[in-house]
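Step one of this worksheet: look at the structure below.
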Amino acid sequence: MPKAVLNGSDLAWMMTATALVLLMTPALGFFYGGMAGHKNVLNTMLMSMTTLGFSLVAWALVGYSLAFSAGNALLGDLRWVMLNGVNLAPGQALSPTIAPVIYMAFQATFAVITTALVSGGIVGRMSFRAYLAFITLWIVCVYAPIAHWVWGGGWLGSLGALDFAGGTVVHVNAGVAALVAALVVGNRKDYGRQAFVPGNVPFVLLGAALLWFGWFGFNGGSAAASNGLAALAFTNTFLAPAGTMVVWALLDLRRVGKVTAIGAASAIVVGLVVITPASGFVPPIWGLVMGGLGALPSYFAMQWRARLPVDESLDVFAGHAVGGATGAILTGVFAVKAWNTVQNGLIAGNAAQVLTQALAVAGAAAYSALGTFVLLKVIGLVLPLQAGRAEQASGMDITQHGEEAYATGEGAVLVLPEVGAEPRLETVRAQA
Amino acid sequence: MPKAVLNGSDLAWMMTATALVLLMTPALGFFYGGMAGHKNVLNTMLMSMTTLGFSLVAWALVGYSLAFSAGNALLGDLRWVMLNGVNLAPGQALSPTIAPVIYMAFQATFAVITTALVSGGIVGRMSFRAYLAFITLWIVCVYAPIAHWVWGGGWLGSLGALDFAGGTVVHVNAGVAALVAALVVGNRKDYGRQAFVPGNVPFVLLGAALLWFGWFGFNGGSAAASNGLAALAFTNTFLAPAGTMVVWALLDLRRVGKVTAIGAASAIVVGLVVITPASGFVPPIWGLVMGGLGALPSYFAMQWRARLPVDESLDVFAGHAVGGATGAILTGVFAVKAWNTVQNGLIAGNAAQVLTQALAVAGAAAYSALGTFVLLKVIGLVLPLQAGRAEQASGMDITQHGEEAYATGEGAVLVLPEVGAEPRLETVRAQA
Amino acid sequence: MPKAVLNGSDLAWMMTATALVLLMTPALGFFYGGMAGHKNVLNTMLMSMTTLGFSLVAWALVGYSLAFSAGNALLGDLRWVMLNGVNLAPGQALSPTIAPVIYMAFQATFAVITTALVSGGIVGRMSFRAYLAFITLWIVCVYAPIAHWVWGGGWLGSLGALDFAGGTVVHVNAGVAALVAALVVGNRKDYGRQAFVPGNVPFVLLGAALLWFGWFGFNGGSAAASNGLAALAFTNTFLAPAGTMVVWALLDLRRVGKVTAIGAASAIVVGLVVITPASGFVPPIWGLVMGGLGALPSYFAMQWRARLPVDESLDVFAGHAVGGATGAILTGVFAVKAWNTVQNGLIAGNAAQVLTQALAVAGAAAYSALGTFVLLKVIGLVLPLQAGRAEQASGMDITQHGEEAYATGEGAVLVLPEVGAEPRLETVRAQA
Amino acid sequence: MKLIIAIIRPERVNEVLEALYRAEVRGLSLSRVQGHGGELEHTETYRGTTVKIGLTEKVRFEIGVSDHFVEPTIRAIMLAARTGEVGDGKIFVLPVDKIYRIRTGEQDSAAVTPVMVS
Amino acid sequence: MKLIIAIIRPERVNEVLEALYRAEVRGLSLSRVQGHGGELEHTETYRGTTVKIGLTEKVRFEIGVSDHFVEPTIRAIMLAARTGEVGDGKIFVLPVDKIYRIRTGEQDSAAVTPVMVS
Amino acid sequence: MKLIIAIIRPERVNEVLEALYRAEVRGLSLSRVQGHGGELEHTETYRGTTVKIGLTEKVRFEIGVSDHFVEPTIRAIMLAARTGEVGDGKIFVLPVDKIYRIRTGEQDSAAVTPVMVS
């Protein structure tokens, strides 16, 4: 075997892609935070932002090795724990032409955003300490195994399941986990008695725009090189959300007579979710069609979810689990070997692929549901999962974080930082 | 002819550039949306966002072929309709070293943002259904022909007009179309009776910043490769807006004694517009000078526009048509063959180039005006172009989209999604 | 010597990196602007934005040559003044494989953001004219010499000080200058009598997210190529802030029982600052550890600063000077030659490096303090440095810029642009 | 005629609106205010700075009623806004000299009697 | 002396300000409120959720006037704020015991008489 | 009982809150308003458009007090809010018929007497 050489183009693209995907997690914070009410906006944004700390560290130290080292069909081994052996020398199986550190970082961004996606299921109520414990463990216990099954040499990959950039690993997984989390943590105290209206819709649009931008790295980078496969994945990522937006807008026009901003933002995300597993497998014209078709299941799932008594109000299940499953199945329909050099799907004559795809979805969903359930129950033994009624009523920003998103400063009085110290200013008023 | 090979560096840069330019359209939504009043912010943002659906699909299916396939001097042919033949094999004339799908996507981002730019001319009043029809058709009927004339092998390119990244194709075109649209759609009902003050200036700054960021892809990517030409275009894109901002700030200081945020944001955009046609043709020091000079026509055009009775309040004409024409003409002045290997301009001894440039501006402007006018008149036969007085007074966000940008949720009562269904909550109050 | 050839991969990465770093300056505007009160948000944002005009032009015309041309141990010469000789031909010592124009642009982004960082020390009070004079001169008189000392062939570089991407040149320098500026310009008039609460915390998070995103270009681009060194710097930039965020959150939990959004945003920035000098010198696992350790000095410096009577309220000193010094020293501790091919640090047996690092910090800090002090005193002879009490009370947005960040438009009446002209509308009310 | 001003908790707004609706009170205006009373102050921490927030978010109702509507309106608000915790708020009843309906020029009681559309 | 409270449509604010200016009413304060009256409610749709918005944006004027200014002030508001559509709003006239100008300590009518600067 | 309405400068809010606290006035509500009076108007410029902003930001206090608290309350506000420049604002004292404390149903003076917790 010739000595592997670091390819500058591949590295340049993969560094760019990694930076792009990192940006998706704060972008998700804005997407979710803008939909939260104005008393929970920081809490919602912090749920995304803190995965970039707690989950990322857990991934770097443990998760990466469990997911991507050889191990067995169910889990990797511990050879890369503590970043041991993750160095600059190219030649690794999954990313032969770039530095292994960059592949670790690239995969970390996937793991982190998947974890952050789950937070959409429990906005406005989860105790933040319990949340931090949850995201630190979930990335290792739930995400890493599923990633191993599909990409790390595990059983789903061996079965021939196609998942280019994470339809099942990322989206089915996160969507199912969000629903389970919503059920285990429980509804907001005033759920069903209060209409939750988005507090900052421009932030939702900003989040969606930055997600799309970052997703070029997500899908395009999943080729692990700057080559034709990357170009294909990139182009599908470009076309599919456009198709979804058109179909979604027409559905909205038919149903309520109006194109909506939340609808446009949702459509972009759903289109991206749907194309994710397919992006490196289907020709661009099918990518565009998949985007359009993919609008339907998620759109109607959102209508239907709104009538359920479960407080999964940001629709992570409808958007990501339904969208991810749709994309995974349609990958089995539209894959064309002439484009992807790997496998044909149904329309190119390989009907069996659809079943393989469905199996992968089911496997990932089952483990995600189980793992999330057990994990939350265990954490719930140690820490209360839900904040109290009064804390929710006052808003999670003030009660969990001691901050307000938008403050004018009236009636705010400075006090000295140390506990027990005398107030610095005479204007400090005692407690009535 | 040797078989074309995909160049990884060129591809990496062009994928990056395409992602960057895609981001410009939502960025424009924030730039425009922040200048709109607080009752029209979502409507204004959606005008940009929806071009990423409707216009993009129209471009992929039809527009690209009409613009970039050989055809004749006026229009391309239909060979690439429905993305037929747009594949991964390098060797295309305009982008020999990268996958054709990426060149299609790159050019799509140009077409889309040009369309979105036009929306600045009709903020706060256009019926949204008519708008969707307009942007779907405009990209095919107006943008595609002009792009073909200059870049696709049409008559303006053959005449030797220099337009590196779209001074005439994008900016003169969009600016003229916005003015015509403002005239055909008509003024807002309370225009001239009401002062329209920007509702969210930080969004304007955010939009301008992201536009600049994206514009590196716009101009730098117009080399279709990662080479010296790209580096030149990139550097000019870096320097020119700085020059514009300095001159603009000094003009503002002289006129009103104050540097303004809207001024700084406008200056960035105008500087970028001015340098766009020149970016790959002029040496960096001239790029900086062009940025500074380019401030003047647009600055004074904005002063003058404010006294006209036409409601083109976001100054797309003053910024883009005037700025684009300035840039196109100055390209004919400052081009230096030693840097661009193509052509000299006036100061390097080729005075005739200035005339060629002026001709290209005039040709694009004339067709843009005519095409936009006819298109809107035709749409106006089928759909009302302008929303009613009461709808405008209540704000386009609520009346066109059924949403509010920033809501606190007071008095919001949940009802069941199905038409005719019983309200779910007892708190639903009947209509008095 | 073989003729230098332009390397497409290196160029692609460096153009990407330059665009990323440019974005950091507006990002800083949001980071700072969100922390400012709601009456000073535009003023604070404009302080960052205008460095992209005034400072950038000064850098391109003069500063670059002074910093990066050979000159002597203290300062470069004038050979590249007015961009003379800054062309497309590769082969320059510091960036052998890319076009010199891109290296100039890349370095310009560093100089500009360093200048913008200083503005954090004087928010809410500095007269804007004096500020513009300050940033135009500071980049030339203070930044350029220090950059020359470390990177341009000056005495600190010759001594063997390690500063991969600007721990001393950028962060110690900016942090010290901000503190000096706060002292020379003086406190806000109501400092200590009024609690300043952040007016828009989501903007702080947005700023921090975009800073992290851009910082990949900052550190990764400091390799001036797409190679293993870039990959190492990139990966450390990825890991360190995660470590900082975890430690910071735990400190916040211990002190106030709550994880805060301002804390998370601050931690990201501090982590990035700390890793900046080390990013190309230390193995990733040490990068992660450095991020965690680096939280401590800045965290406690912020606690301590809050009790001082100096109005350096955005904590540029605690974040950047303390963080930059921490990073510089720790670089001397954790550097490993096997990874960086340059030098070992303390733990790899080269204890002396720590001293060299400390010397570089001290040298940069001393010159920065002196230069900033003299410069402001000189400007203060010509222009008042601080706006008046009434102007500060009304807010700097209205008094310095004649704009409001968020306006509803009530009571706003249109008048004609020309001075002395008759009001256009009858609704203009005369002055009571 | 009276003008009833009620300061209540934001989280009780929908309950109060509903109670007023049942009490057949159709016209009202409301706005966000910040209140100080016996509520516990909370602190916010921004880096090294601790800030005591002495004001709590409240919603202020303003309802013009004819005399025989005063009692039912107050009763409706009292019941719907009460949680029993400190901070439930206050009601003020102010005398009013005159009320006009801008649309029609109707005055006093007629001005606050809802038009029966349906 | 009276305190005149007027709830009007946001889009009529500038007209009302102008009319008050012509009526020589110089001092006033205004704020945004949300109102409920006979207006049609509108619905907003967020994904699968439909929300009925029962409140409409209004602007509230508060004007302290001496007695002989009551009539002209009301007339000015009535004319400038009226569109004839449901939702034009209400005016309340409240008795006032005392008015002070904070700057000078002047009381009652003197407190609301504009200082003639120019 | 009276309802005291005071319109003051935003930058004096903390001083007024402190003065009221010293005057043992514990309950109050405040909100942002925009005022017009004798203040200088300022202009804003957006590109070619110049806009005259005739309204200034103010803060409105609303304080229900029993009769013997009227004087101290007014004195406290007057002193703390005064700068001597045009635009310091106004105080209105309105008669009140009735006050209720929502939490307990207490009425009138009892309703505005702070509960002594500590």
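Order of writing sets the chain letters: A, B, C, D, E and F. Residues in each chain are counted from 1.
Note that a residue touches a chain if its C-beta (ideal position, glycine included) is under 8 Å from a C-beta of that chain, and two chains touch if they have at least 3 such contacts.
Predicted model, so just to flag it, every value in this text is computed and none were measured.
Common partners of chain C and chain D, by the touch rule above, are A, B, E, F. Least step count on the touch graph, chain A to chain D: 1. The interface in A-E, A-D or A-F that matches C-D, meaning over half of the contact pairs are the same by residue number, belongs to A-E. Although chain B and chain C carry the same sequence, what matters here is overlap: shared residue numbers make up under half of all numbers found at their interface.
For the pair chain C and chain F, the distance between mean C-alpha positions equals 43 Å. Remark: chain B and chain F have CA centroids separated by 49 Å (rounded to whole angstrom).
Shown for chain A are the residues that touch two or more other chains, namely 7-9, 12-13, 16, 193-198, 200, 206, 256, 258, 260, 262, 303, 306-307, 402-404, 408, 410-414, 416-417, 427, 429, 431-432. In chain F, the residues touching two or more other chains are 14, 17, 26, 30-32, 34, 36-38, 44-46, 48-51, 54-55, 85, 94-95, 114, 117.
Taken as a graph of touching chains, this assembly is fully connected, with contact between every pair of chains. For chain D in complex with chain F, the residues that touch the partner chain are 2, 5-8, 31-38, 54-55, 58, 60, 74, 77-78, 81-95. Those residues of chain D whose C-beta lies close enough to touch chain C in the complex are 44-51.
Of all the residues in chain C, the ones that touch chain E in their complex are 408, 410-411, 413, 426-427, 429-432.
For chain B in complex with chain A, the touching residues are 6-9, 11-13, 15-16, 18-19, 22-23, 26-27, 29-30, 33, 41-42, 45-46, 49-50, 52-54, 56-57, 60, 82-84, 86, 88, 98-99, 101-102, 104-105, 108, 128-129, 132, 200, 203, 206, 400-409, 412-414, 416-417, 424-425, 427. On the chain D side of its complex with chain B, the touching residues are 10, 13-15, 17-18, 21, 26, 30, 32, 59, 114, 117-118.
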